[in-house]
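Here chain A shows up in two complexes: once beside chain B, once beside chain C.
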Partner chain A sequence: MNEIILETNTAVYLLSELIVWFMLLIAFIVDIRLLTRWDYGSFDPEQYELEKRAYLVMTVIIFAFAVKAPLLPYFVFTIDELSALVPGAMCGAGVISANGYGLPLLFVKIVTTLSFVLWLTINHYDLEEGDYPWFRLKSLLFIAVFTLVSVELWLDISFFTHIDTTRPTSCCSALFGLLEGENPLPFGLDTKSLLLLFYTLYLVTVGSIAISWNSMTAISSTLFLYISYYAVVYFFGTYIYQLPTHRCPFCMMQKEYFYVGYIVWGTLLGGYFGILSSLVAETLPGVGAERVKRFSALLLTIFVAVCSAYVAYYYIENGVLL
Partner chain B sequence: MDGKKIVQIAITLLFIGVVAVIFISISKKEMPVTIVKGNMEHKPLAIKLDATNDTQCKMLIRTERNSAEVVSPDGRTWFFDDPGCMVLWLQEREWADRAFLWVHTIDTGRWVDARKAWYGVTDHTAMHYGFGAREKKCEGCIDFTEMRSRMLRGETLVDPKIRKKLLGV
Partner chain C sequence: MERNSHNGNIHGDDETNERDMVVEIENLYRRFDDGSDTFEALSDISLTVARGECVILKGVSGSGKTTLLAIMAGLDRPSSGSVLVEGRAISKLPDRHLSRFRGKHIGMIFQHYNLMEHLSVRDNVSVPLVPAGFSADEIEMMVSEAMEMANISHKSRMEAGRLSGGEKQRTAIARAIAPGPEIVLCDEPTANLDRANAEIFIEILGRLYEKGKTIVVATHDPIFEKLPFPSRVVEMSDGKITE
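What follows is the complex of A and B.
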């Protein structure tokens, strides 16, 4: 058996994912029945029974999310710990690129979390209405969520069972370093333009949230997420590591850097997920999600403040920038 | 004009600024070429003269004459102004044996397989190593393996002793 599977963190992680998937499988089967027979206007005993089952399904999904949400950072922690076993890997970046399943898995995990947040948002407003006006919508969305979770589980198992501990992988400096002189930034940007876009898009996103300009919020927050990834890896990250050549999105989640990566990526993704879910919710008639949007704006503000603080701290300590 | 309207105008202007920065950056992207990806046919690519950097010596490539290209198995292509630069750069690549190597010959002016080309030892080349690539065998020419060995041993015209021996100066 692959020794990676026997590693404690991996075993705990995979077992947890498997249990969550099994619970969601039961919810999925019940959900299909609910979708085909649901009629809120009916006074049949069967409808009462279905409403009870719907409540059960909802509880299972919420519980599954409560388990899966911490499993995302735990997954990152697990692959980071595995870097000690995979030759050449210095952090999670090396482990995740050890085979072809790693990066798709990380992507699917983020999309799954986003779809869970969407489901929870719609569910929240559905319950508030009393007569479940969005029941079919959220049930259909759950089918998509379950499909994603199934794909994720398959990728999870494929990823961990295909990590070869005898084959060297690349460390983060090889993966994110300067590619033989090639500019790694998008749109041909240089660092100054990247930072200009970073702060401007932050202002546009927060400003558009303040005046409830949803279309602008959707565009600017998506662009902000994209630019932020590069800004953190290629600029702010170097101040976290205090080394201009160290460019990695994973190392900052290590103990040496006080696990600050979890705050950086957590606030960025949390803020973006919140914005997106609230915007989707507001497309439903009569729904306003101002509080979620404002909380998301707060998360993005924390993200920008933490990133900027590292640069400011370095400058105050050393009197120069990297 | 109410406050919301003012914020809306400010946001619009900022967003136009964002779009402008992106477009300006894209249009300024004409930076020297150092690498081209996706050359899955592994064929030699036309070099944008005066806009392409030699990956080894970092100089701009000013002429195709005696230039060289390395295409990795995954289609990435690097450019060199001198076959000697190509040899020096290639020695640290673990996929060197699987790489596709091209040189632009000085006798026929064509791209040929660098491993099948012949090399003069006293030619005027961009980095003054002296190895001019030829498609046809010539008197005193050496093959790729010999040229590579001499490059790695430093036995080129750059070395005064070798220069004295070969050119008498």
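What follows is the complex of A and C.
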């Protein structure tokens, strides 16, 4: 365990997460008081004091997110660097699978990031109004955010302290490789159907955003996220690696592949989070989030373009597909 | 709002109730904590100012006039009590809303002018208009009108640092009125002026009064006791309204 914890990136990462958690702990303690005593219509000394503290809490949360946002790609970078210490691991995929905490940790990280984005969105529109109409909603949401951050920190510490550098783990070819006859794709899809679904869902998502059909946007974007994972790992990734048997969501974040994985996953998750947060914001009375939706559509377009470009480039260079 | 002898209203309840109130302050307190002691700068202030009225907050140094004016301008927040300006509870507005509100509705003239010495008169007057979203042509027009009103157009290109005290004060007036605010607040405006310049300031104030601006002046200068236009004097002492 020691060599894992003392590895520079791990130490920096865990220390940063701890500091962020501590800042949010302070915000959480103040937030509880705000939630129980808040009465915007009052002109009492206590309410004025609460309003000052509310501003402090918002500032702390926004700052914490500003620090936490780059910690997600930094986590991926860190576990990728640790693959040199973990036997059998060729990339972050192997390290994540080194113990039972890895995958839940990754999942909680993504959910925590999404919850932060939701909080920031509601906070933005709450401040725009001038009389804090959604103060209680965002205070309650922050309780959920802090709970997730606390669980994440516990999983972070558990994960890194339980990586056994004497026990081999599986590499991505074992994790994502295919046994003969096996079909890892959902719904029994083949590659052609997967791609058809991929591009169709993309067009439906972008089209529904253009005509403000929110319910369709919610459904199609969620399905698109799900299908995109498989499309990237089992199709587009092979063109990034230019190897039909190399299927891995992590390797594309390495230097050899020009860190393109950060763009691929960043635009996909960023686009989806943006869509989700804008749809949630538009459930608030009088709120329109067209710009956020359009920006999210742009992110998804970049995602699709980057993935497609690798296929096109391979075909142009070699005259065949993998 | 209950009327009492300390609410700074000498017009009588019926007359006041019929008028459009621009400023409504109720049970205002402002306390300063320095750790061991609490100093009450304002104590149970209730005050209304009608649209187009000129109110003189009169009192010696330390009576709370400047603190009250700063709270009216949204530059400070009360410890308790309500402050409504143009019907908005400005003491409760978040900072970004307060800045926008102040830029649109309130013009402030400070005792020490607070000009940017290295900028010209014209540029100083333009400063509040730039973030307000006006076009270049609109800014040009508003700046020219304001400088004309404040009688400082002839010095428009001069650096503010090279102006005399009276000219600086007139530049400050032009800057305060350029965005067309309904309310003009003046904090000890003649404190650094000689008699002649003070009278010029009063003359400009009169023009603003004729244009229907609501004016509140915090001062201990006796020149404001005999203004050439109607005004109401509110006496303050030790953080309270006494008359």
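In the analysis below, the second predicted complex is superposed on the first by the 319 of 322 C-alpha atoms of A that agree within 3 Å, B and C clash if a C-alpha of one lies under 4 Å from a C-alpha of the other, contacts with A are read in each partner's own complex, and residues count from 1 in each chain.
Basically, a residue touches a chain if its C-beta (ideal position, glycine included) is under 8 Å from a C-beta of that chain, and two chains touch if they have at least 3 such contacts.
Worth saying up front: this structure is predicted, and the values here are computed from it rather than measured.
Aligning the two structures on chain A places chain B and chain C next to each other without any clash.
Of the two partner chains placed by the overlay, only chain C lies in contact with A:Y55; chain B stays clear of it.
In the superposition on chain A, A:P285 contacts neither chain B nor chain C. Touch counts on chain A: comparing chain C and chain B, the chain ahead is B. For the superposed model, the angle subtended at the Cα centre of chain A by chain B and chain C works out to 170 degrees in steps of 10. Of the two partner chains, chain B is the only one that A:L223 touches; chain C does not reach it. Once the two complexes are laid over each other on the shared chain, residue contacts for A:F187 go to chain B alone; chain C is not touched.
Look at A:I211: by the touch rule set out above, it reaches chain B but stays clear of chain C. Looking at the shared chain after the overlay, A:L196 reaches chain B, while chain C stays out of its contact range.
After superposing the two complexes on chain A, the closest approach between C-alpha atoms of chain B and chain C comes to 33 Å.
Shared interface residues of chain A (contacting chain B in one complex, chain C in the other): none. For chain A in complex with chain C, the residues that touch the partner chain are 40, 43-45, 48, 51-52, 55, 127, 130-132.
Residues of chain C that touch chain A in their complex: 26-27, 29, 77-82, 89, 91-97.
Interface of chain A with chain B (complex): residues 179-183, 187-190, 193, 196-197, 200-201, 203-204, 207-208, 210-211, 213, 216, 219-220, 223.
The residues of chain B lying in touch with chain A in their complex are 4, 7-8, 10-11, 14-15, 17-18, 21-22, 24-26, 28-29, 31, 34-35, 53, 55, 78.
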